[in-house]
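Across the two complexes that follow, chain A remains constant while its partner is chain B and subsequently chain C.
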Partner chain A sequence: MPLNTSPTPTSRSGGCTLTGALSVTTHVRDAVSIIHGPKGCAHHNFSLLHATGLDNDRAVIPGIVSSALLESDVVFGGEEALLRTIRSACSGGAGAVFVLSTCIVETIGDDVEEVCSRDWPVPVIPVPTAGFLGGTFHHGVNNALIAISSLAGPVEKDLTVNIIGEMNLEYEVEENYAEVLRLLHSLGLPTNIRFVHNLNTWDIASLGAARLNILRDPSLVPVGEHLSRIFSTPYVPSFPSGLSGTLAFLQAVGNACGVDSRRALEIEQALQAEVLADFADIGDQRGVFSGPVLNGECSHAAQEAADALHIRVSTDPELPALPVHPSVGTAGIRRMLHRWRRSLHA
Partner chain B sequence: MKQIALYGKGGIGKSTTSANLSAALSERGLNILQIGCDPKRDSTRMLMHGRFIPTVMDLVRERGDAAVTLADVEFKGYNGVRCVEAGGPEPGVGCAGRGIIATFQILEKFGALSGDVIVYDVLGDVVCGGFAMPMREGYAQEIYLVTSGELMSLYAANNICKAIKRLASRSTGKCRLAGVICNAKGQPREEELVAEFARAVNSSLVEFIPRDRVVQLAELNKKTVIEYDPQSAQAGHYRSLAARVMENTNLTIPTPLEIDALEHLAYSYI
Partner chain C sequence: MPECDNPLWPCAMTGAAACLAGISGISVVIHGSSGCYYYPATLLKAPLFGTFILEKEVIFGSEDRLCEVIGDLAKTGNRIAVITTCVPAILGEDVKAMVARYEVLLVDSPGFAGDAEVGYAKALSLLEPAVDPARPGINIDGACLLDPFSRGNVQEMRRLLSLAGIPVGVVLCDTSRASLSRLSPFTLGTNTDFRSNAGEYVGGTLGFSPLKKTFGRIGEVIPEADGAAVLSEIERQEEALIHACDKYLRRFNPPSVVIFAGSAYAGFAADTLKHYLDADIRGIGLRNPETSGLPPHFPHEYVASLSRVKDLIETHAPDLVFGSSFERSVTGNRGFVGLIPPLRGEVRLAPRPLAGINGTLSFMEDVLNTCMDQKVRQRNTYS
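Moving on to the complex of A and B:
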């Protein structure tokens, strides 16, 4: 029975533009994110970000303030309230101020860009985030990343790699980063910055130094394109998914950086064989895929792992469930196989 | 209590008509409240002898709505007509429509919406929900269109018919078209044309107000025509309008015209 009782189907990518942008801007830890709108827009986002941070063992208070518009600001325009809020944020020692718009200020036509462009002691950067314009969570993420990239100036290229657009609200954000880090190390490539994950304003200055940007997923391609125009940095469009996808990732990153990936590929193939051998006990069984996100990429990675272990996947609901989650790298497949084992042995 | 609203194209003479109608109604011994629903705030100026009274929104902006009282926003004008101006934001910022909604809420809170007749003088076009507020449940049930025989003026009046029709179709919608007032520009066969337009939108012409120099003279003397030249033929037209408004029971749901039909109608009266 479908559990979603809302009138239209929703998904992670269908969320509010504002929330998407905040999932990025609040990770610039010394910055203040101003939500220019009624205070309720700030409160529920604050709660969500705080709770998600706790889930990821990170007790950080998100740096969010609201311009707290009331009806009179809507009637007379909210720019004065925004000015006051920016002034207060600047005087509090913020490294940068991000100004995120809401539905009502876009409706009444506040000129947020003009207010931000005035002479402020720290960078004040507008991020368009009004949800009613039809954007989604992903648009908010992309708008925020593109806006924040304006904090980076021209720098000399080095041998490092940037991680772009991690899903800061996903449960396995650190595990997924660790897996990509492991793969990069096996190619001998150091990382530059996690743009944007738990950093400070001054860290962003070196954004253009990396010789490659690795995007978290293909919805960030507009960000990859933007950074490639500004800093001439090429990008790989996604973290690796699945066994063969991980090998392809190593090859693509190696090629992009002019590094010989043959050794790294051998090591990875050996590791994957080891992982599959570890799960030989669930081979030759039958199950049915289940999970909240059964997109093409997830299903492909899961099917590939099932085939490698000779697990027969059917649609018979009586069979044990094989939980499918978005997984990153060989380590992601291993975690998925642990879940399958629990389910098949239950 | 009777609540009427005058709508029409900008510059067509709604405020002049409203102020003279309020003045004529007050002569009948009635308790009249005129509310200017336009950020330009000049609806009640002739009733106030040229004074721009403080607007509800100005006072809310300066003091916050908790500190505003009825005495701050309601002013006695000619012959005791009570005058209120909604006001609104500076041109180009904020949301004037929301300002009208906020003004109505404040007037409700004060219990100001009382008397024998309330005359709402609303800006040119019903550009958003805020300017349809006077047509909502509990406010003006009788809508008068002010128009001349010019096509653009009829076009605006026809658009307002669409708004009335839409609001009348709601379960809570009680507003109706009460009639068309022709504030003439002096073009030939103007009365016939506007009367024909009124019939075409399922209503009737309630008063033909001819073009008369006395209107400008009264304005330059910062008075309504009723006050400036009570014996004039023009004052007679406003009194006649007042009488028609008080006895009018012909409230209809309008049938707005398609643009082609409207143009054809105007063309046929060249």
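Moving on to the complex of A and C:
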């Protein structure tokens, strides 16, 4: 079967570019995201973002407007509908307007960039999306971050750190941020902005001030490179994953910011020893890794934790399942071990 | 159509998928992008297949990809239904000819064709449900996978038909492919926004009054039916409902309400609230332009966007709002009762009905409990 009801990650099932871009642009709270296409595309995404917001205890309504193309617009062109929608969004007091195209608009050939480049009272920024024609979900995220960075100008550097490209649809997005914040705090480094997570247009102006950008994961390297070119800001390519990865993260951030990380490393190593001691009761058992995303990074982090506790990992499906999800920092490993305990003691 | 902020209702493609995914023996293929596939797949929680086409297929043609997916599915013995999404619908490919070697039901239902009801009706008409005059019983109509009350409605209708000694014919759309050509001659409705027009319609089941008429009519068309058993239960339960509402009205004024739903559920809610609680129906925002399920004396308009929902709530300042979790997110401290999808941010496991006797009781339970919670909250605020 080429595709089943649970497709594995491939270029075909890499998700919708539009959804990826919206997961970013809708977090600029005073901006409007226009989806240039039929109403259904906007409903799909609004519904998804709304549901994710509820899961994350956030009842913020995303600012999405559809140009609501009908069959006649598809036949005769949708640029008039887009003009009307931008005009309406600009008159509503938005800090910026992001224009995201859809598959159908790309196919009929509307010139979205030209419409956006006209004289508007607020920044109107086209974000290259177009559903499957634009790439995958990750392309949408990257394109949106790069497009939004155009709202920032040159500023003086300070001692802060930016968080770049958090996965806003991730269930544990706030917990993962809190873990990175804890690690930065142990190095004495304050954060500048979460680019882009729950902020306003004017916050973005200070994007170039940070001394370092920390990317959520390596798929954001094109964004890191772009920001490095524009603002001369170096980057760390990923949030910390696994026990040794967390220590390496502290060292890398310390080195990049010119901060001595030795004390922070000692504290973290002591914390990790404490966490492992708390789970000594599940040591010397056997289990099998299970999870929807068993990529190299999260498998490595899980294997490292299993080795530290002398848990033997097999592929025998009869053994208890050890749930594996991408985990951030020492706190992420601790939460994963709680789930292993539940499974091994079941 | 003017622009629309935060559109509230799914597109025709999703409606077509909701219809076809309810029929066992049919493999449903969404011919389009992964983005178009994921939404109905997560919303309907039913097995769907996708072609997940890419740019190269848009440029060089999607025949190979479509046939690759269909070819594998054909081996299962299921009939295949292909729903075209926006881009394949305008590519100009002769999809019918492309899949001619397979037994395929082709449903041209792109998102720009309209809302979910349009796609649902189109898919259902292509299935060509047909009556078998010899089949006994009554069909249950209006069971759509999009509707969070659908499972409960069907369960309640099975109970009432069993009480009346009438076999259940076919449930549309929750049945097997083979049953589609063997419908009973008579049909009763649950959610009439998803009506099939198959079989002779004997009436609706939303609210006690239509329910009485429908089971009265059933007694006429199926003489061996024991409609009296159902009518007697309605009488008993209606008395309990009237008692509960009277008790409420002894202490409190009737609630003022604004209702957001499709016309069938909106009409049911407005009628029931007016009849038993003398509620002040300040406004109805319809999800669909269809108004046939709605008594014309209630003020109503078609509402497609969240900003209009907010406007109506702010303008009418009701005690209670009915709708989806979209409405709940802009309801503030007012009371809220869930009536249409999506109903997110709450755990819903048991099948709850809106149709039938238990549907009205369960609806009014929610209303009275929400109203009383509101009153207690208000009293605590002022004391």
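The rule is simple: the second predicted complex is superposed on the first by the 333 of 346 C-alpha atoms of A that agree within 3 Å, B and C clash if a C-alpha of one lies under 4 Å from a C-alpha of the other, contacts with A are read in each partner's own complex, and residues count from 1 in each chain.
Everything below uses one rule, namely that a residue touches a chain if its C-beta (ideal position, glycine included) is under 8 Å from a C-beta of that chain, and two chains touch if they have at least 3 such contacts.
The structure presented is a predicted model; accordingly, all values stated were derived computationally and were not measured.
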Chain B versus chain C as contact partner of A:15, first or second or both or neither: second
Partner with the higher number of touched chain A residues, chain C or chain B: C
Touching partner for A:79 - first (chain B), second (chain C), both, neither: first
Which superposed partner A:215 touches (first chain B, second chain C, both, neither): neither
First (chain B), second (chain C), both or neither touched by A:196: neither
First, second, both or neither for A:38, with chain B first and chain C second: second
Contacts of A:109 with chain B and chain C, given as first, second, both or neither: first
First (chain B), second (chain C), both or neither touched by A:71: both
Those residues of chain A which chain B touches in one complex and chain C touches in the other: 71, 73-74, 107-108
Contact set on chain C toward chain A in their complex: 1-14, 32-36, 38-39, 41-43, 47-55, 58, 68-69, 72-73, 86-87, 90-91, 110-113, 304, 306, 325-326, 329-330, 342, 344-345
Chain B partner contacts - residues on chain A that touch it in the complex: 71-79, 107-110
Residues of chain A that touch chain C when the two form their complex: 1-5, 7, 11-19, 34, 37-44, 46-48, 50-51, 54-55, 59, 61-71, 73-74, 81, 84-85, 88, 102-104, 107-108, 131-133
Chain A contact footprint on chain B (complex, rising order): 57, 60-61, 64-65, 88-90, 93-96, 98-99, 102
